[in-house]
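Written out below as structure tokens is the structure these notes cover.
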Amino acid sequence: MGRLPFTPEQASTFAPDVDHLLYFLLAVTVFFTLLIFGAIFYFAVRYRRRSERELPHASHGGMALEILWTVIPFGLTMVMFTWGADIFFRESRPPADAMQIYVVGKQWMWKLEHMEGKREINELHIPLGRPIKLTMTSEDVIHSFFVPAFRTKQDVVPGKYSVTWFQPTKTGKFHLFCAEYCGTNHSHMIGYVYVMDPADYANWLRGNQTGASLADTGAKLFQDLACSNCHKADNSGRCPSLTNLFGSAVKLAGGGTVKADEGYLRESILQPNAKIVAGYQAVMPTFQGLVTEEGVLQLVEYIKSLAPQPAAAAGGAH
Amino acid sequence: MSEHTEHQVDSALTYVLVFLGLIALTVITTAVAFVDLGPFSVVAALAIATCKMLLVALFFMHVRHSTRLTRLVMAGGLLWLAILIFLTLGDFMTRGVVGIPGR
Amino acid sequence: MASHSESLALREQFDTEAQQKEASTLGMWIFLITEVMFFGGMFLAYTVYRSWYPHVFAVASSSLNVYIGAANTVVLLCSSFTMVMAVRAAQLGKRNAIIWFLILTLVLGGVFLGVKAYEWNEKFVEHHVPGAGFHFEGVPQQGPAQIFFSLYFAMTGLHAMHMVVGVGLLIFLIVETRKGKYSASYMTPVDLIGLYWHFVDIIWIFLFPLLYLIDRHLKT
Amino acid sequence: MITAAEQTRVDYLNESYGIKSWLLTKDHKRIGLLYLATITLFFFLGGAFATLIRVELLTPQGGLVSSETYNKLFTMHGVAMIFFFLIPSIPATLGNFFLPMMIGARDLAFPRINLLSWYLLVIGGLFALFAMLAGGVDTGWTFYTPYSTTYSNSWVIATAVGIFIAGFSSILTGLNFIVTVHRMRAPGMTWFRLPLFVWSNYATALIQVLGTPVLAVTIVLVFCERFFHIGIFDPALGGDPVLFQHLFWFYSHPAVYIMVLPAMGVISELVSVFSRKQVFGYHFVAFSSMAIAVLGFLVWGHHLFVSTQSVYAGMVFSFLSYFVAIPSAIKVFNWTATLYKGSISYATPMLYAFGFVGLFTIGGLTGLFVASLGIDVHVTDTYFVVAHFHYIMVGGTIMAYLGGLHYWWPKMTGRMYPELWARLSALVIFLGFNLTFFPQFILGYLGMPRRYHNYPPEFQVLHVLSTAGASVLAVGYLMPMIYFIWSLRYGKLAPANPWGASGLEWKTPSPPPLHNFDETPVVTQEAYDYSGVIGEEIEVG
């Protein structure tokens, strides 16, 4: 089915799915609205009061009708629930081969970083047809990453990572909005998503290339912050080696294990003592305030690059 | 509206016994706190606290003499507290199950 | 709470005293339910963060003095006992006994608040009060430790505030009883304030294990 | 004919005079009128903010006010309308006035607590007004952390204190209603003889009592967070801002039912009286109110689908949300069925009732859209949601509130309102409302986020339509304001039962005497039995 005039462009694989559910809901709505409006209108005219002393026969209700108009709406709502939940669940699981992009929201701009090191503000360039996975966080208040043409939205919450993904199906320029009220210039926290042919995208990525890839920047930051003094690759340092860390299960002091995903890495940089690796001391200082959210993302990306590629690409999708 | 409301006066002995029970439970719960029960530490502490609450409510607050409505009000309040806590925990405990941050 | 000088304390909207008494009791219970939900929000926050930071909470909770906490629990239970005895005296119409039990309750409530104040003061001295000067030795994570003490202060503070209100109500009751307002046939205010006092006791019955006891054995 | 004796009859309005006789009154009827005056003030205040918002949105780049001011406008619009108008609207005015009369009681169970709750609303309102005059608050009525706790520089605390105090007003009203319904019913007034307005106010009272304390404690925590930086909602200290959203919506979702359940009760009365038939499926309508009150507490997480709440919690909350749809649907079907073979009058209250059923149907059905996970991800925080809840709250609650006000006005004041003007206002409000808010559904699906001061130019046409509708709506709301006041002096004197209604409140003179009934009524029949009423003399208004 195509697009109705009151729906935005369909530019991702989700868009038609969401719109089809919308059409179903609209059909149900229109049917019941017409039914109710029609019945009220008909009754109001047909049974209008003809004399002030008129007394209609009392009727007390009918069980069959009550059951009918309980069961039918219930059945319909369960269809709506299942259909909507199915879409939602797919929206929640990025495919393993998705292209990773990092997003940092702050009052009042979007900062986006490509793996190759390209950085953008309030603009996001992406290739057509590739699934894109966004890993997002905020430096201050809650924001929300919203692209109407993709029918996706995800809150960006300070203190944690959130993920959304989409697969663009149409080239062009689409609105990017902040959908969660974030302060004075909330309505200026907007931008555009440019979906490009893969070849154009490759050109764009190569053109005015500013520097190293995200992982390389992270590696440099790793040196600058003197992380490498303790985290040595051969495990000879005071702190655990980070090679092959990402995606593995880490044994913790005091029992239990934790999966080394982006959230764990972020926490370990900013609150290193939250989870101590078994066999090590709590000697790492916190880097809260010393490194920005973008810096943390670069470090995370560097640490991911130290692990075998398949795990890194999977990005925790299991 | 026809329920009679004459006081059922409990004997002082009943109150003394309940009071002693409460003190005993306080001692027990404090002592148990020094024993390593693993995850049952929480269970033990809350179970004893619940017993104490029931003693206070049933005897000191006269719930055992009270109308069904009063008991319903009390049960309803606790049920709503449970709704608040368990549905919220339903979120916090299932975060990260899919393995996607923020989901 | 009625303050009629007539012997018949029946208000005009009611038909019978039984109806009035039932209405007041039901009203009090519903009020207590709102209190449950009010504290419930704090219990929820506590549950969430305890499950997130079990270790920090265990260590921070161990820094509280369990003996003082237990003793204070006993004090409060004693006050509940004297309160219920005051209600019993009112049911039997023994005015002097009401007054003495109420005074005992008042004293025990005062002791509880005094001990609580002493404990809070300790926290100030130890820099365990949330805010700029917060410092907690036991754990490396200052943030969650601060959350524990925030919850400690919020929960015990709100509880103490209820105690203070209760103390005020007790004073009111003592004054009114001396004036001879209550008898075996009309003692609703004594009954209701009794319910309130026991309820505040129940809140503490849960605060004590939650804040002082759970996972104390994890203390390093 | 009005005899001299009737004119000098002592009623609750003329039994005492002077400002003190009002400010210290314990009469539920006078307190109801005090509420009416108070919330009308807040309604027009909130309406003024809404007008400024709509005018500002005429052009994409704005220019009337700055972004900062715009943010304060929509926040104060929400705060004034929700906490100081909609929450108290029907229960505290019409409920206060009529709930005791409908069950045959002389007053509420706790008249002094009733007066106290009005004072609490006023004090809370003064705090909120102070915050608005001192510079306003810009967090949105939802007060999301960490913006409200750390980043906003506006009068968050004063507003929060105002809401906290007003919350206790709501709690005490609820408490009073519950006890009154349980303990103050007249002889013979069994539960299943209660008018449905009483049932729905009872269900509302349960929500007020069980939900509002959680809002209160949330406000206390926000207060502590802002003053002492305690960290409970602060990610920097390991807290979770999403916990705030759970606590907030645990109250604020059921609060929607605080607003709309009494409205449903009013509609049940109106539909029955103006078609002279017992409400079809009385038991189902009564129980559906209770079902909504209970189920309403299980669905708050549907406000958090994209908030980083877990996927599973999202699914559970979406699933449970659909259960609330069923009792609402039952009500709509039963009202419609009540009309069948009735004797339908087109008096103003009935026109409002028709309007309510229509708008509530649309509002309710669009609720199915936002309860659906797949669609909500797209439309949440857009104008679609704005349109949806305005259909429920403005199209639903305010239509019912006005309908009820017209219906009971003769009883409250002893005067009839001018019927022609009233019908016109009902029509103007219905049309203005749809023109204002229907375009917002489309705006929302097209992707227009809410709380935007500036917006992309392609949305302008729909915004202009919406503003045009708002100006019609404003006229519609001003009309009753004017003719109600006019009628106090010039309206025809109202008979005891101008509509041929069967409820107890119509069996006493208009306006009622101080203690409502000359002698306690004894109830011998079910609600909405018109067989006895129509035989009596009916004066046509």
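All chains are identified by letter, namely A, B, C and D, in their written order; residue positions are counted from 1 within each chain.
One rule holds in what follows: a residue touches a chain if its C-beta (ideal position, glycine included) is under 8 Å from a C-beta of that chain, and two chains touch if they have at least 3 such contacts.
The shown structure was predicted, so the numbers you read here are calculated from the model rather than taken from an experiment.
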More contacts between chains, B-C or A-B: B-C
Central chain of the complex, centres being mean CA coordinates: D
Chain A and chain B: spacing of chain centres that average the CA atoms, whole Å: 41
Whole-Å gap between the CA centroids of chain B and chain C: 15
Chain C and chain D, separation of their C-alpha mean positions in angstrom: 35
Whole-Å gap separating chain A and chain C, where each centre is the average of the chain's CA atoms: 45
Chain B: positions in contact with at least two other chains: 1, 69, 76-77, 80, 84, 88, 92, 96, 98, 102-103
For chain C, residues contacting two or more additional chains: 19, 22, 26, 30, 33, 36-37, 40-41, 44, 48, 52, 141, 143-144
Chain A, residues touching no fewer than two other chains: 92, 154-155, 157, 160, 162, 271, 274
Graph class of chain-chain contacts, one of line, ring, star, complete, other: complete
List of chain B residues in touch with chain A within their complex: 96, 98-103
Chain B partner contacts - residues on chain D that touch it in the complex: 182-183, 185, 210, 214, 242-243, 246, 250, 297-298, 300-301, 304, 308-313, 316-317
Interface residues, chain B side, partner chain C - complex: 1, 3-5, 7, 9-10, 12, 15-16, 19, 22-23, 26-27, 29-30, 32-37, 41-42, 45-46, 48-49, 52-53, 56-57, 59-61, 66-67, 69-70, 73-74, 76-78, 80-81, 84-85, 88-89, 92-93
Chain A residues within the chain B interface of the complex: 92-94, 135-136, 154-155, 157, 160-163, 259, 261-263, 316-318
Interface residues, chain A side, partner chain C - complex: 254, 271-274, 282
